[in-house]
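Next come two complexes built around chain A: one with chain B, the other with chain C.
The block that comes next holds the complex of A and B.
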């Protein structure tokens, strides 16, 4: 008993530094954000006016917030589907015994390590630019006239163009996660399935997918959290200010709270956006956890 | 033991001597100053020169400067929230007004302004271009922002290119359209370069057109009209029609609706477009991009027939300094700002940054001569975005710029724009 108590004390001593940091840097600001979200406050002056749920009620009718929320949800769903679909295709191709597997894997992973600001400048000014961009020039060279005159970054298309960059830059990370799971599956399971006459698609749905479920859940939760909070790539894409079509929840929070170029200083309202975003992350994680049943396979 | 005693006496004497000398030379005070410029910018070099020179005159005052970039207000907000002392802030005037002045946390400068400037000749207030000190005052006229960098807005072009082609600076909108047609049909250059990806750049067209049609303050008044009826004035619809005509006639460079800043203005620098409507910061931004024989020219927004605004009505927007009213070095800040706004020091800023100064007697940089002359002759000064961004930033961003962008880029018709503006103005005021 004494030994157990001593062990518990030691555990608390070792845990204390990280626990204190966690409480101070995450839990305390979160509680503080909840508190501030009930106030009308600029963030500058000391006077804070308690407004109850007014900030949250304002969100419901704020078309700018609803547009940003729509973009966030599109990013979460369409971006997620795109990233995972590509990651699965690449993992299948790389797992099919292709030569130079590591080289391809490195090439696919590379965009993930490039800073989002660099990606933004590269794609906006060098790839998509309607007059001098590589993409329109290439399409012109290939005589695909309809697409060569297509404006990838005008108001109607810019979100989808940036979403493509998000998928392109993130797919490498999810590929690595999925491949780590796939490579753990014993090859004899596939050999047996082949002997039984299973095709590739059947093997994917009956063997691969069930056996990497644990990894997949983690990867999807990663994506969900990342997508709901996404800021930097969309923010940097517009140069000195992101076009409205690129606003996500996180960007709108920043604009409303910290007066990016325009002197809007509504830290109370911005905190309400932050609270809603946090709730969204929790809900998304919960749904993913619940919708993908955890089963234990032993092999 | 004797040795220890000896050393203790030495230490005690040294400490006492230091204290006595310190008291004799006076206490050193520090002004913590955060600036909107980045350290690599020419404007930051000018500020560093001011500080260096000031230190020679007033060695007892330290200026602890941080070049925080354009996000300086956000950074100061966070720093002060975390207990960091910041005394003085340098930023765009309309942002300072919304963040410090209207929140009642800025140091009022009127008393200092009504005393002599640094060189002791005349009142400090009188050393500025008339109207600029009062531009960002509170509604009851209290001044907290000391202006230094004066910006305006107009068209920029390459004088040499225009001379070679025989193109003349237009004074009326009809002349402007005729010039665009000539450029389009007689050269392989696009008449106008523009960055459609920035909503506040798109608005440069609208607030200039509205000023020429209705004079200063029409946009601001419409925003303040809680019934939304003011948006029914035909001028608002006409302004959108004028903008859309520029696209319809192909005067704005092809593909510009897909430009993300700074792609558009780059075409002026590369000689692929003849002009660009922009702020007076443009020559400085493009100084490393233009060719050696590029000769900067600029002219004010032309007059529109039937409108009440004159070509001599000019935009004035200012970068300035504001101090926090909880500062412990108020008199030192006033003295430092008086020093910064002497003609000689402002000339250092003007020469280095290719910007104009709000201080009388400073020269206009060569690149800005056209607009500088127009400002000197200006009869009326109006604020950037007609003062809307400064007065109602949320309305400006989430209602006006949003709907204007839709109309400017042809996503909605002028009538739909007017309808949206009326409806959303009413809704905005209902929520206030």
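The block that comes next holds the complex of A and C.
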């Protein structure tokens, strides 16, 4: 079969440009980062010193890292629950044959396409701004100024203030994914359930959830990956330097590797943080895949 | 006859959705009106409309603070990167799904697994590769980094699209005497256009908004991208106290993505939808 062989050959030509770039500038740096994480290395000179697992052992006792890890996990779990709960509520509201469905969906999706820096600027300077922001002014208008203590003003709450921005800006993307799954469910299933006397909640758990499993798995894995990698919104928040309460793994890695104004250049240590973060991504994806059983319902 | 309960539920649904929409709309509204105020008045009248229609902050950002140049840099970098991403990822996705090549599945997985890698992990080794190639601190280097790091997600999207095109089409092209390249460009590319457009818009938006990689791989101020320029302006705020220019620059940054979004949001949304439920 000469034709078949030629076809297989040309498939590799189609693949070659992306594969070469991917191997050289993506896969090789990943492997290199793993290697560097076993070294103590302060810069680009050749003074690399092999230290084995020291960097990883140091991480366990590094309180800054543990706080960053805690923030990353909170973002992953609480942020994820918030985003999906809200996305499900919106998909329910929009799925009930409401007028203006597409317009609402587009508006809810909009913040997803706005640059994280712009989101940081808008929320920190105009909304949360302790003295003059929109939110403190609104609270004053409603005579509930006491609540402002719980907002951006107070450093212990800044993480939650930013987490709200994350949910607010990402929910539209997950709404679109969930609606794509829900719209494929044939309506007669709901009609039949309604005839049997099922309520909305029962229909959600017995019909909607099982039938959108495939889409839900993809959506949750996307969220997990996205949350663990998230950097820009948190890093820009607070302008000159993100407060420690906002450090995530990604930010701590960046600070250890590149510093801010004063370079720190603990490149081996920074790489170790990256390796731990990557392992976190793998574990999370694995747990999601395993915990949502992959039965496919025929309908 | 619609019951009162039904009408009440409708009313409640609209109320919730309208409140959320206002919360979203406020972003655009407040950035634009704040961009037309002065540093002296902005916080005294944060909620009110500007006294007059005044675009001097925009002009200041565009000329004196170099945002005109940053915009040009962003356009140059993002357009080239998006074009390159599509040019290398579309044939690869086609080969992996529709050319019956060996190891297609493990290679696809190998590509898509890249989505999970945090970019921060790659910064140090990538930096080390870029310096001897003289690509560090150049726009071409940034284009290259953007292109490569966008491969995994683009291949994920595009393989989904090629899988949704029936392979009989391609087979009949072979029967008609097309070779692989003709079959790809004449039959498959036109069929996969919705997917390619989605991937293009998605990458455009992500890269337009990106500033972390730009921060690492560029240092000269004249090659800053728009997002990086905005970030630099924002982080210098405590020295300059120039609030209103930041809002003008923010508006300059969101206007292109907003225009793209207004015209193409349906395409983007239906593309994401198709990609998700293959």
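Here is the rule we go by: the second predicted complex is superposed on the first by the 287 of 299 C-alpha atoms of A that agree within 3 Å, B and C clash if a C-alpha of one lies under 4 Å from a C-alpha of the other, contacts with A are read in each partner's own complex, and residues count from 1 in each chain.
FYI, a residue touches a chain if its C-beta (ideal position, glycine included) is under 8 Å from a C-beta of that chain, and two chains touch if they have at least 3 such contacts.
All figures in this text were calculated on a predicted structure; none of them were measured in a lab.
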Put chain B and chain C onto chain A via the superposition and say whether they clash or fit. clash
Which partner chains sit in contact with A:258 here, chain B, chain C, both or neither? Use first/second/both/neither. both
For A:215, select first, second, both or neither according to whether it touches chain B, chain C, the two together, or no partner. second
Which holds for A:147: it touches chain B only (first), chain C only (second), both, or neither? neither
Please work out whether A:180 is in contact with chain B alone, chain C alone, both, or neither, and reply first, second, both or neither. second
Would you check which partner chain A:125 touches, where first means chain B only, second means chain C only, and both and neither mean what they say? both
Can you tell me whether chain B or chain C touches more residues on chain A? C
Output check: A:240 vs chain B and chain C. Expected answer is one of first, second, both, neither. What do you get? both
Contact-wise, after the overlay, does A:287 reach chain B, chain C, both or neither (first, second, both, neither)? neither
Given the touch rule stated above, what does A:279 touch, chain B (first), chain C (second), both, or neither? neither
A:107 in the overlay: touching chain B, chain C, both, or neither? Say first, second, both or neither. second
Clashing segment of chain C (vs chain B; choices 74-82, 128-136, 146-154 or 164-172) is 128-136
Residues on chain A in contact with chain B in one complex and with chain C in the other? 44, 125, 131, 239-241, 258
Using the touch definition up top, name the residues of chain B that touch chain A in the complex. 70-71, 73-74, 77, 80-81, 94-95, 97-100, 103-105, 195-200, 253-263, 267, 272, 389-390, 393-394, 396-398, 402, 405-406, 409, 411, 427, 431
Chain C partner, complex, touching residues on chain A are 6-8, 10-12, 14-15, 17-19, 21-22, 24-30, 32-33, 36, 44, 89-90, 93-94, 96, 98, 100, 102, 104-111, 113-122, 125-126, 131-134, 137, 168, 173, 176-177, 179-181, 184, 214-215, 218-219, 225, 228-229, 231-232, 235-236, 239-241, 249-250, 253-254, 257-258, 267, 270-271, 274-275, 277-278, 281-282, 285
Contacts from chain A onto chain B in the complex sit at residues 42-45, 58, 61-64, 124-125, 128-131, 151-158, 237-241, 243-244, 255-256, 258-266
In the complex of these two chains, what residues of chain C are touching chain A? 9-10, 13-14, 16-17, 20-21, 23-27, 30-31, 34, 43, 46-47, 87-89, 91-92, 94-96, 99-102, 107, 111, 114-126, 128-129, 131, 144-145, 147-149, 151-152, 155, 179-181, 184, 205, 208-212, 216, 227, 230-231, 234-238, 243, 246-247, 250, 253-254, 257-258, 261, 265-266, 269, 272-273, 276-277
